[in-house]
Amino acid sequence: MMTSPLKLKKNKYSEHLIRKSLYWLSKDCAWKFDENDTYWLISFNSEVDNCEQQLHKLLNDNILREELDKQTNQVRYDIILSALKKVQSDS
Amino acid sequence: MTLEATFNLPFLFRRIPKTNLTITTGYNGAFCLLEEESNIEDLIRNNHERLPKEKISELEAKSLVSTQSEYALKASLHASSLATQIYRSLAKPSLFMIVPTLRCDHDCRYCQVSRAPINAEGKDLSAKNIDNALNLIESTSDEELKIEFQGGEPLLNFKFIKEFISKAKVKLKEKNVSYVICTTLTNLTNEIADFIKDENIQISASIDGDANTHKYNRPSKYYDSYDLLQDKRRLLSEKNLDSHTSYIATVTRPSLGNAQELAEFFFSLSIDSIFIRPLTPLGFASSTVRAIGYTADEYMDFYKQFLKEIIRINIQGTRFVDEMALIHLNRIFRPGSTQYVDMKSPAGLVLGGLIINYDGKVFGSDESRMLWEMTHSKELIIGDITLSSDLDFTNLTKTLKDSFLFALPGCSECAYQPYCGADPIHHLATQGDPIGNKSDSFFCNFQTLMYDMIFTMWHNSNDARKVFRTWLKL
Amino acid sequence: MKKSFAYLASLISASFAAKDTIASNVIEDRSIKMLDDDHIIISKLNHSVSNLLAAHRSHRSHSSHSSHRSSAGGGYSAPRTYTPPSTYTPPAKKADPLGQTARPKSSYPSVIKESDLVKSLTDKDKRKNIIMRMQLALQFEGLYSGAIDGVMGERTRNAVKAYKKLNGVTSDGVMDAETLNSLGIKGF
Amino acid sequence: MAEAIRIDTAAIIDAQDWSGLYVLEKYNSANTDIPLLPILTKNPKKQNEYFILQPFSSEAIGSIHTLEQLDHFSPGDIVYIDGHHGKIRGILNAKANANTLLVTEQCDNFCKFCSQPPKTKNDVELYEKAALSILNYGRNDLTGISGGEPTLNKNAFRTFLQTLNSFNNTTPLHILTNGRGFSEKKFCTDVTETLGERFCLWGIPIYGYESQIHNYLVDADNAFIETVSGIRNLLGSGQAIEIRIVPVRDNLKSLPLIIDFIQSNLNQVTYVSIMNMEPKGLARKNFNSLFVPQHDQNSALLEAIEIAETHSLKIRLFNYALCQIDAYLHKYACKSISDWKNYYTDECNACTKKTECGGMFTSADGRFLEKPRAFI
């Protein structure tokens, strides 16, 4: 039996963000991912009670990662790319 | 200290479960532990003034945040550290494993290679392949290398080892070679012990616990495997070979409840270190898994108790090193000092070490050999010394180039990325895909929990920190 | 084999493309690239440096103040290929070891007697040495960039002339006492 | 000033005309292809008289008189006659625990504790003298190169190295520099290529973990970024680096953070040296605002060393007296003070650790001396 779906606004959460969070959800939480026009809909196997709480934690951290990425993604990209280029030119 | 505003550099973070700690790490391998739950939020939302001043200073010193004027410099230092780390991982292999025979006198419960009876024919690596093996090693290795004899039980083909080493002394005389024999010791003789002494060979001996545990895990149909092991340990002592010997233990399910007893048992052996490791969950029947297997969480519940006991022993005044913890500590504190093959990015496959099987086939890792035994998939074979000393691992290059942690799903945002490694063959064997789903990976779960535990102990336990430091100074 | 490693290295940037699709969900496009490739380095110690460091260490192994720490313990870590010197004491900064430092131009007492000099210049070895000393001095004055070979050629001669002009040395010759004194060359 | 344990100078007379560099007694090599220095040789018949000989000649062209025995010098040493002050001074001395050549007094840092404040006059000939000294010295000992800033005059510095190379000299060098010049990649490449196989250790100061403290202490804008970039570039060229930290009041608290900075960003450095300030030059002038007694440095030193040890970053303490610091720190403390400016107090004679201890700077006397406490 599944819980009634958790509704997350599409304009606030990207699909990537939600899928990334579901990826790390513990194995006992069987989830179902759905959508309507305005919401992402996630329902859980009702036997485990803290799945929703787990997901919120994961979502929150991933929102922070997105925020950090906004500030630093270009530098991150540069660091990795230049490191690879350097190794390549040195080999 | 600085009055200028600071900005975030790209760092990675993880809230350590069941604690208030958040670990932040950088591509330079530096870490900083944030003590308050709200810290990470304030840090990322650029409310740096809300963090304790000392924390911002620490983050700045470690180049996880920076002032505007130093930002480009710090970024270049990150890139340089990362380039140095990748360059190191691309160094020539320094570990060569050789399987002189597949024959074995034990029937270990968790043995993943299809071992052969002690008198089986055609399960030995023929000495006529030694020249090709040495050519291969000579041409692929760096100046310093380690040659490990594995099995089967390598001492059942001691003749091969003896001939190999005498030829290696000529062929590899320009290089700094160390030798290790991985053995159950039961076939140790006076002659072998003298040879080990004369050639300054290291022994990695298997002992899984007290008599019951050891015999449960490592039964032999020929003799009492535990009693004989203890006899041979006495022989080693008589020959003054204790300093040549280190011990390795594999844990099975029945031991999970006996962490403290197990630690005390190993300590009672008067040895100065123990390398204890979980099973590699590879190729077991499900009945076997139920009997001896466990999840990473279950193992770590055991291991945490085990390590606590080891730390207690150390605090009481005897140095007794847990090698598994030390590997992780070295990865954190001494980047570049350990070349542990599982912990490399790109993966240690081929680049970390090669293994020459009893039939002459060459593989890029021990796990590749095991997987080959299970699947016989040809891509895993990178050479055959019965034919030539050439290597060809073009089949594995895609796997290798897909093994940079910063590019792997599940790893790219993990805070332990600077210390961890990719293990594509593990994921290929357990999940059928070299990248794998990390949330369902024993390897990933184990490593993550290890680092969680070590960082938590480092932060919360003065005793643990003190002991870890003494180990790191070795 | 070497070739295979090079091949692998050439592939690594391809893996970056994978990273791109995985991690870059929010890329704020900045047209200025922050990192100059020149500013990225790989730290790997020169072999000659590491060898010499090692040699130096054994040479001074009697020193008592070292803090010997061996490389990683246990059988699972490769030995470090390079150990920094643990016993060599770097010299502390020494004050003013060359005493009166800068040469007071044209104010040297005439310590080279013209007669001694003329005699010296007839000796092949001495003459060569004097020219080498001149070439060396002129080189650091930034006036001479040829070989220090003790041969009075066109370039050396021109450098001397330029030096004399710059420093107000009015004598007529190229290798006379006044010039040598001004260059701080003693003992001829 | 207190008297040093090895005297490096001697008084001479009749030397007004003979200022300059000399080789003592004999040449170590018969190499006639290097520019040779004149020789100073003892008159066997007359005590304390030394003849001055031309190269390739046994005929004296002059002589000087010393007022004392030149026992502290050995044949082959390079000495400098300072006729103006009536002194003879060792330049490269086989008996010294360290030889350092000063190649310039100009500097682009103006460290608040500089023992030898920079001057501005053109002194390019010091490079020439240093090169001549090295070439004429027979021994291949590690030789210090110091300033001022040896690389400030980039041309002179390169020329100096090229000159040594052109005579196939292989003397290993320990160069003290602020490293700023090497932030220019081209200069770094030029120099390291010129060095080739020559062993070279670069001693480079970092006084803070970020620009503000460092730039304040060296009194130069942009110094931190240039120094760190310079170290980065040198590491990239495979050079051996020694980082030098001088703890003073302004940076003592951040000493552990400086170690964190080095470990996180420049962990390939060969080692880190923490150097207690010498109360000389500007350090003497600014003593009250800079000075921290050694025993007050203990907790910062302990913390810094603990971090370094954990990361197996080699670290050592220089210019500390054992009686002033925590016993745990003793094994890191080096007998580092150059003998010609080193002394022990009367108190020290009773001390059981005197032979292991670095003692004091001769400049640390009077109010600058931290009262020794003998270990009995």
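Order of writing sets the chain letters: A, B, C and D. Residues in each chain are counted from 1.
Here, contacts are C-beta pairs under 8 Å (C-beta built on N, C-alpha and C of every residue); 3 or more make two chains touch, one makes a residue touch a chain.
Treat the numbers as computed from the prediction; the structure is a model and nothing was measured.
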Chain pair, C-D or B-D, that carries the greater number of C-beta contacts: C-D
Among the chains, which one keeps its Cα centre farthest from the Cα centre of chain C? A
What whole-Å value do you get for the distance between chain C and chain D if each is reduced to the mean of its CA atoms? 16
Measure off the straight-line distance from the CA centroid of chain B to the CA centroid of chain C, and report it in whole Å. 44
Express in whole angstrom the distance between the two chain centres, defined as the mean CA positions of chain A and chain D. 57
What are the residue numbers in chain C that touch two or more other chains? 5, 9, 12, 15-16, 19, 23, 34-35, 39-44, 69
By residue number and range, which residues of chain A touch two or more other chains? 73, 75-76, 78-80, 82-84, 86-87, 90-91
Sites on chain D at which at least two other chains make contact: 229, 232, 235-236, 268, 309, 312
Following the definition at the start, I'd like every touching pair of chains, please. A-B, A-C, B-C, B-D, C-D
So in the complex, which bits of chain A are touching chain B? 23-25, 27, 57, 61, 64-65, 67-68, 71-73, 75-76, 78-80, 82-84, 86-87, 90-91
Touching residues of chain B toward chain C in the complex: what are they? 71-73, 75-76, 79-80, 83-84, 86-87, 90, 92, 94-95, 139-140, 142-144, 146, 176, 178, 180, 202, 204, 246, 273, 275, 321, 323, 326-327, 330, 334, 337-340, 346, 351, 391-394, 397, 400-402, 404, 406-409, 412-413, 471, 473-474
Chain A contact footprint on chain C (complex, rising order): 5-6, 9-10, 12-13, 15-16, 19-20, 23-30, 33-35, 37, 40-42
Which chain B residues qualify as touching chain A in the complex? 7-11, 13, 15, 27, 40-41, 44-46, 75, 78-80, 82-83, 86-87, 90, 406, 409-410, 413, 437-440
What part of chain C is in contact with chain B in the complex they form? 1, 4-5, 7-9, 11-12, 14-16, 18-19, 22-23, 34-36, 39-44, 69-81
